[in-house]
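For reference, the structures are reproduced in the following blocks.
Across the two complexes that follow, chain A remains constant while its partner is chain B and subsequently chain C.
Moving on, here comes the complex of A and B:
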């Protein structure tokens, strides 16, 4: 029997299906249906015999949950192992062991890098940029985010398909936790820039008093956060206070 | 000191790193799991996903010295894979004086299991184990992240009985 390989066209289909990993998210298996749906074309290519194909699909229906972007590495690596299972080089559980071992750590990496660093950074970039150049900055920020996450997904999928377990050192070399720290710091700085632009614009449009009030509201909000106030209520109160002061000032000066 | 002992089928993942660690000020994570300890892949993956300043130890459950962890100055979070491992940990020296709080965070669905929270599906055996741990003086709670309202042992039993 020739060594079982998944054709490149099929790999492309699997990668495309990875993008819909969470479409059938459910409490019992979480991303299990999405994972089985994504890997199904590869299993069909590796196991032409219906009985074995069914068995393979069933093992990939077990619980799965990971960060949706990092999961590309798990789908790619699972195919790497399934090729060896189909060729009789590894036991049937090899791909499952790979999945269950990596889902947690890669989810942690993805949550830390994408959800708490890259996405807020791009949001802050769009917000600060929009104040300066308008809508194009928002388009650019959305593009930047998607180019980065899409190329990482594709790269991880390919590296894991080729190397299997060897994808872990590849991911380690990306240095995602450190990059996340830097992106978070840069995002915070951008938010500061955006706030400064708002204060300066306010002062320019409505006089120095408006600028001072805006700076006071922002400063009070910051002090509250430092003292341990919760983020969202504080932000809402600060925004409402700012609006109230603006309306009061407008009524006062226009009467 | 042991800040928390947590049951999580996925062991180390985003909920632990992004929510529990900052909430409890944890400075060290101990993964007490025989399978993870013997897997090169698991050790490599768990080591790379944590921030460089946070030490992670991955050891077989029987190799954990709970007394030493409890006496250390550093707040530690201990992760075990399932509820049965909690009973194992107790046999290995975990006492309420060393770790008061036992958190059941994620236990996946399987045949014969019922939902007690959106992320925790327990079997009758596991309910019994948790009741014994509570009777021994541990505070047992089910919740995946700190912002969720915790369900204590009575609530866990009530929900288990009410679930189909």
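Moving on, here comes the complex of A and C:
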């Protein structure tokens, strides 16, 4: 029996639906509903008989949780296996084994690269750039993020669809953990640059005292946050400290 | 004025969807969302003033596994909207003193949004149950369509809370600055202190190896370069 194939148009529909993976994130099945929603057009193409289609959809309505971008690799690979299941070349559990094996490692990889490195780096780049050149820096940062994110999302979906389990060495070759380390270090440096721009702007707009206060807040605030101070209360303390210093200075000079 | 709140509600609702349910292309991050909110209200420069500190403040707001971060999109729309509407009422636009008051008033909404997200997840549990029931009834298409219903609750929560926060800021800030005109100078300094703390928060959120060395090194180096360039130019 020759393997059934999902038409390219249907694959494009599945990829589009992958963008809604977390639409109904819930505590029971997490991304289960989103996964079933994404893969449903492919299952409809592979299983014309309603009974088999229902069985296949039930398989994919089970618990699923992964990083939403890395999940594209799992959706693509699951279709790869479902094509073989539909052709009778693999048992029905093959796609589920693929999902359960990869979802944890890919979640950790995606969280480590996209959420805690690439996106904060682009955010820091946009923020530091916006303080100097305004909107063009924001557009550049958002574009950079999306070129990388969509290339990986689409590339992993295609690689996993074509190769199934062979996507694992492809992902390993990307070297995401090392890239994440470098992006984090660069992002921290960008935050330092942003703090310096704020200090200089503060001195320009509200006098040297504002620059000195901002520099002190940046230095001590970072130390406090690293030691576990809570963010919002610390932000209030910083703003109110700045206000108090200005009031105290005003009272001193007017007396 | 009513139209402004409607626009704010729509922007906040769409941002809440983009943030988790659809796409996640950084359009709901403060750095992009604040200028877009300002632009939607007719004051892109106002949004541009608050965007960098809010992005840096909430750089660590990420959705890791089942952990819920603060709702930075909701906070951003409320703060930007409140600042723009208050600045318009004062006839001065968004200045640092207006912006810092908007932050102090509306930032807690980001935490309220996190609580609301918890309820949204419980609501989504019901959608999953309905999808399973539809599938058991033999309707596969209807089963998976319940996924899209999950976009409604985050939209509604943000569309209601963000304009409410902005409305509070639009009333309180002009009244305060008219009653205490001498507060302008201290508040301006408070804004720069807050922005500096936000940069420190961004550095802390990145959790890089040897982060203190990079942060303090870049801060010192950029300050020295800025002072040097400023001295040469003057």
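Please note the rule applied: the second predicted complex is superposed on the first by the 218 of 255 C-alpha atoms of A that agree within 3 Å, B and C clash if a C-alpha of one lies under 4 Å from a C-alpha of the other, contacts with A are read in each partner's own complex, and residues count from 1 in each chain.
Convention: a contact is a pair of C-beta atoms (placed from the backbone, for glycine too) under 8 Å apart; a residue touches a chain by one contact, two chains touch by 3 or more.
Just so it is clear, the structure is predicted and the values come from calculations on it, not from any experiment.
Q: Regarding the shared-chain residue A:101, is it in contact with chain B (first), chain C (second), both, or neither?
A: A:101 sits against chain B, while chain C stays out of touch.
Q: What is the contact status of A:123 with respect to chain B (first) and chain C (second): first, second, both, or neither?
A: second
Q: Go through the superposed model and pick first if A:133 touches only chain B, second if only chain C, both, or neither.
A: neither
Q: Quick check for you: in the superposed arrangement, does A:243 touch first (chain B), second (chain C), both or neither?
A: Only chain C; A:243 stays clear of chain B.
Q: Based on the superposed arrangement, let me know which partner A:213 touches: chain B (first), chain C (second), both, or neither?
A: The second partner, chain C, only.
Q: So, A:202: does it touch chain B (first), chain C (second), both, or neither?
A: Only chain C is touched by A:202; chain B is not.
Q: Which of the two partners, first being chain B and second being chain C, lies in contact with A:109: first, second, both, or neither?
A: first
Q: Go through the superposed model and pick first if A:27 touches only chain B, second if only chain C, both, or neither.
A: Both: A:27 reaches chain B and chain C.
Q: Of chain B and chain C, which one contacts the greater number of residues in chain A?
A: C
Q: After superposition on the shared chain, which partner residues are touched by A:147: those of chain B (first), chain C (second), both, or neither?
A: After superposing on A, A:147 lies clear of both chain B and chain C.
Q: Same chain A residues contacting chain B and chain C, which ones?
A: Residues 27-29, 65, 107, 111, 115-116, 181 of chain A touch both chain B and chain C.
Q: Hey, which residues of chain B end up touching chain A in the complex?
A: 8-14, 16-18, 36, 39-42, 44-46, 48-52, 108-109, 115, 118-119, 121
Q: Tell me, which parts of chain A touch chain B in their complex?
A: Within the complex, chain A contacts chain B at residues 27-29, 63, 65, 67, 97-98, 101-112, 115-116, 165, 168-169, 171-172, 177-178, 181.
Q: Touching residues of chain A toward chain C in the complex: what are they?
A: So the residues of chain A in touch with chain C come to 19-20, 22-30, 32-34, 36-37, 40, 43-44, 50, 53-54, 57-58, 61, 65, 68-69, 107, 111, 115-117, 119-124, 126-128, 130-131, 134-135, 138, 141-142, 145-146, 149, 181, 184-185, 187-202, 205-206, 209-211, 213-215, 217-219, 221-222, 225-226, 231-232, 234-236, 238-247, 250.
Q: Which chain C residues qualify as touching chain A in the complex?
A: 20-27, 29, 31-32, 35, 44, 48, 51-53, 55-57, 59-60, 62-66, 96, 100, 103-104, 107-108, 111, 121-122, 124-125, 127-129, 131-132, 135, 138, 140-141, 143-151, 182-183, 185-212, 214-223, 226-227, 230
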